[in-house]
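Pasting a structure below so you can have a look.
The first chain written gets the first letter, and so on, giving A, B, C and D; residue counts start at 1 in each chain.
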Amino acid sequence: MTGEERLRLLEEKAAELRRLAQEHDLDLSAELAVLEQKIAALKRSIYAELSPWARVQLARRPDRPSGLPFVQALCAGFYELRGDRIVGDDPALRGGFGKIGGARVALLFHQRGTTPEEQRQSRFGMASAHGYWKARRIMEVAARLRLPLLTLINTPGAYPGVQAEAHNIAGAIATCIWQMLRHPAPTVAVILGEGGSGGAVALAAADRVLMLENATYSVISPEGAASILWKDAKFAEKAAENLKLTAQDLWALGVVDEVIPEPPGGAHTDFLGTVEAVRQAVLHHLRELSTKPLDELLRLRYKRYRHVGSAGSGH
Amino acid sequence: MTGEERLRLLEEKAAELRRLAQEHDLDLSAELAVLEQKIAALKRSIYAELSPWARVQLARRPDRPSGLPFVQALCAGFYELRGDRIVGDDPALRGGFGKIGGARVALLFHQRGTTPEEQRQSRFGMASAHGYWKARRIMEVAARLRLPLLTLINTPGAYPGVQAEAHNIAGAIATCIWQMLRHPAPTVAVILGEGGSGGAVALAAADRVLMLENATYSVISPEGAASILWKDAKFAEKAAENLKLTAQDLWALGVVDEVIPEPPGGAHTDFLGTVEAVRQAVLHHLRELSTKPLDELLRLRYKRYRHVGSAGSGH
Amino acid sequence: MPIRRDKRDRYVEIEVGAPAEPLWVRCESCGELIFRRKLQENQYVCPRCGAYFFLSAPERVASLVDEGSFEELPPPRIEEDPLGFSDQVPYKERLSRARVETNLNEAVLAGRAKVQGIPVILAVMDFRFIGGSMGVGVGEILALAMERAAEERKPFVLVVASGGARVQEGVLSLLQMVKVVAARETLAQAGVPYIAILTYPSTGGVLASIGGIADVTIAEEGALIGFAGPRVIEQTTGERLPPGFQTAKFALEHGIVDAVVPRAKLKEELVRALSVLAGEG
Amino acid sequence: MPIRRDKRDRYVEIEVGAPAEPLWVRCESCGELIFRRKLQENQYVCPRCGAYFFLSAPERVASLVDEGSFEELPPPRIEEDPLGFSDQVPYKERLSRARVETNLNEAVLAGRAKVQGIPVILAVMDFRFIGGSMGVGVGEILALAMERAAEERKPFVLVVASGGARVQEGVLSLLQMVKVVAARETLAQAGVPYIAILTYPSTGGVLASIGGIADVTIAEEGALIGFAGPRVIEQTTGERLPPGFQTAKFALEHGIVDAVVPRAKLKEELVRALSVLAGEG
């Protein structure tokens, strides 16, 4: 029996006990406490030393906290902006204004959807050219209003389609990076799930980059790397190890500023707890950044990215 | 016989004399000189006090100096930029870089075309949404390079089409006006032919606005005004008078800074002379503007447009 | 003052009637005869078919602000009829008539107001006043309102209802497009938010200037949003207009507006935007 | 090193051969066997059918600059193989092989040069070097070159020939996209012009960063310009690619580039742009 199977069995037992206790008005709290301790320990042991490949699977779960429900839970009063003012509105990349801890922020985030219908509609969070042109537009609004910018990233990558190319998705991504680097207020990026290549980095050129414990951030999907470099998609697991795409590895490389812990079973087991952990981390960094004058903020932002990967960088 | 008919007759006579002189090797220079003096005097008397409606006709002539040939004659080494980077490239609104009198400038201009094929292709100078989005893009490049901006206007108006609306032509025009007002270098607009409503004003929010003597600048075509206000397009001539659309009237209203004289027969009778007159006027204003620090330039530009039409403005 | 559309949600007839106040009004869309009071209670939306009727600027103000909170800004001094324009009727006479008919001084009404307690500067255009057209007067009122908003650091809210530029003021009205964009830049310089509400109609020079570059753009459900009128497009290009062309939904689908909201929910939507955007902290 | 396309100008096969120097080369497009010297004289364009062959970075430099004017910038010190990456071949070994095969240190060559007397900073990518991919080394060379251009107030010219990011450097290569955009901003701050020349191929993370935001963008006639490769698009979306998809002409028609120029006219085009843009006065 695998760890996950034993876990499921224990969880079923606990549910049964709870039902019994309620139906027959019994006090089984002691028994339940013991069982719940066992469950927690088992979860810890299962998820503590997850392989990169296992984290890739966790990061891709459709029930992973992200998208509009996440933003609505994170903010007091999210107000959405739609449309790039030129081509259309992309449901895969969303944005607007919200208040976090009383402060106004502009937000940009990927929408993957949880139901098949939602996922189809938002193309699993793969934003097209007009999604990134919209992001540019929203960044411009945020710049005018001097609002801090918060991005929440969860995408397999930018959408590879004919219309996307016709509307210059490459230029749109480059423009988003550029606009983020010039943003006249603090910027924080949080990678919630999958941080897939160009589609992720377009929203990740921030003053601070945070990652959830089981999120990934990579130049290419492990499957893609496997089929290009090993000429066989079956080497995805091996590619995942080589790519150093976990939060822990990226923290060690100095690419990520903070790893936000997830509950033992993964973020999807505790939506509100995850939201709260992200809120606290974001507020902490926004507060720190807000003490810096704008010119210093821009100078530090430039320095950070100018030297990424150069000898001597990292923690 | 009308003045124009007499003029044509005299010009035919002069041509005949020249042919005779050449074919038979005769010296007819004295006779020709007298005839040419008569022609010049007649032209002056015909064009000196043209009615607004007559100027509307002159401004619309397809052989009126403007567009790409004008820019190529005006500049040393015009280099064209194409495309809005999102939707496409509009042949009706063109732009790029050139040198005038040794100085680098960015240019934007309408292309009407002279042959029917050219006119069809550039929609008679009616630019669509992507034309104005391209203009925005070129203004952004010019702003980065701190280049003065010169616009050469000759359009019946923005293109009224389904695709233009779908790509937000209204927002594109508004954005061009906004971008011109923020341009971090001197800006000069020259109305060469027709300055038709929103399609013209999108490129006319400049530090200095110049007009050729027989150019027009109007909120609506005389025909449009006639059919809306008089419910009859036949009142176009009357509308033209009421609209105060001539260079002379607009100079008196303080909307235009300089009226550039045309040769007696109209700009189309002397392409290179018109180019040279425009070049001198543009250089004069650019030189004057270049002495002002940027913040004063922007302050004066704001003031000019903030108070247009308010009590006490004008010459 | 009903707004008519054809069955494919395209052609639109604008009728600005006399300011008579009959007890009963006929809905041009469904033919229903509606008790005027009832129509008013329903915010001038036909209770039977949902068709939108025009709202006057004072009615629109009342529908959006906290009761009694609207305080009009002092009107600017401007030179009227700068061109001495005369068509079938002298422009001065048109102005006088519009003033009598609407009980307004110009095609826009601007003032300080509170929206669910949030202080704003609000400007509302009135289509009944020479088609809500923008001449020097409208440009001046809008520019003053935006400058006030920038100074007082209050969000600027504009309700657009305009056919475009005021033809009778010639190029001076065209240049009001530049004036209002210049004033809009002072809002940006001050970091003050600007919310536009596009209604029926939002077209021409007003959409192609101040109406087209808000931070947040909300379309009322019954809005017409476009640069050129449907007739002009058909006549100039011979193109067939697609169903729903230039409707609020069309604008949303083409990325031109942030939301489409029924009239009854407009205040709620505005409050949602303002409560996130207003205030420094 | 021929570039192949199908008859509808779509599918493209990339073949980076060994650096052998046979006397004769076969054109994969028309089958012609061409004398190598002849091909070289024709700037690696098939004299029979006009198909484009790859140009190495040194060949490209020679084709654009005044003879003898190129002076390479000192190479940056960087940590190689930062992730200790190994697939079928360790990354270090791939690097060594590429260096031997190309006689280059990295996939880009940057230096000072003169183009018809106009001083520029020129960077040229080389597709033979691990697909012209951008890792830390390429990012660093490009960033240094742009900083030099900003300092010396010389136009920056970049010839793109890249399949995208260097996969073997993981996220560090992804973040080179940000690095080069940051350096591009220093050019903008200095008001120094940046001209990009897109060749075959200009794709992925290089096009979606430094390649996509030049002041002037010139496409070589044989270029492939796009974010995602044609195969990826077909496999992910099931879409049929239109004829001429992602060609230089496609990019021009969609407003993505300023000009399409045959290889033989590229220097002339560059001179035209530079002579207008270079210099302060």
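Basically, a residue touches a chain if its C-beta (ideal position, glycine included) is under 8 Å from a C-beta of that chain, and two chains touch if they have at least 3 such contacts.
On a predicted model such as this, the values are computed, not experimentally measured, just so you know.
**Q** When contacts are scored as defined above, which chain pair ends up with more C-beta pairs, B-D or B-C?
**A** B-C
**Q** Just the number, please: Cα centre separation of subunit B and subunit D in whole Å.
**A** Chain centroid spacing, subunit B to subunit D, equals 41 Å.
**Q** How many angstrom lie between the centres of subunit C and subunit D, each centre taken as the mean Cα position?
**A** Comparing mean C-alpha positions, subunit D is 52 Å from subunit C.
**Q** Determine the centre-to-centre distance between subunit A and subunit D, using the mean Cα coordinates as centres, and give it in whole Å.
**A** Taking the average C-alpha coordinate of subunit A and of subunit D, the gap between them is 33 Å.
**Q** Give the residues of subunit D touching no fewer than two other chains, as numbers and ranges.
**A** Touching at least two other chains: 254-256.
**Q** Hey, what residues on subunit A touch two or more of the other chains?
**A** 85-87, 167-168, 171
**Q** Using the contact definition from the top, classify how the chains connect: line, ring, star, complete or other.
**A** other
**Q** By the document's touch rule, what are all the touching chain pairs in this structure?
**A** A-B, A-C, A-D, B-C, B-D
**Q** Can you list the residues on subunit C that touch subunit A in the complex?
**A** So the residues of subunit C touching subunit A come out as 188, 191-193, 215-216, 252-259, 272-273, 275-277, 279, 281.
**Q** Hey, which residues of subunit B end up touching subunit A in the complex?
**A** For subunit B paired with subunit A, touching residues are 85-87, 129, 133, 167-168, 171-172.
**Q** If we count contacts the way the header does, which residues on subunit B are in touch with subunit D in the complex?
**A** Residues in contact with subunit D: 77-89, 97-99, 102-104, 130, 134, 141, 144-146.
**Q** Please give the residue numbers of subunit D that touch subunit A in the complex, ascending.
**A** Touch residues, subunit D against subunit A: 76-79, 82-83, 85-88, 135-136, 139-140, 143, 165-179, 181-185, 203-205, 207-213, 226-229, 232-233, 236-237, 239, 241-242, 245-246, 250, 254-256.
**Q** What residues of subunit A sit close enough to touch subunit D in their complex?
**A** 158-162, 164-171, 173-175, 177-178, 181-182, 197-198, 200-202, 204-205, 217-220, 225, 228-231, 235, 238-239, 242-245, 250, 253, 255, 302, 305-311
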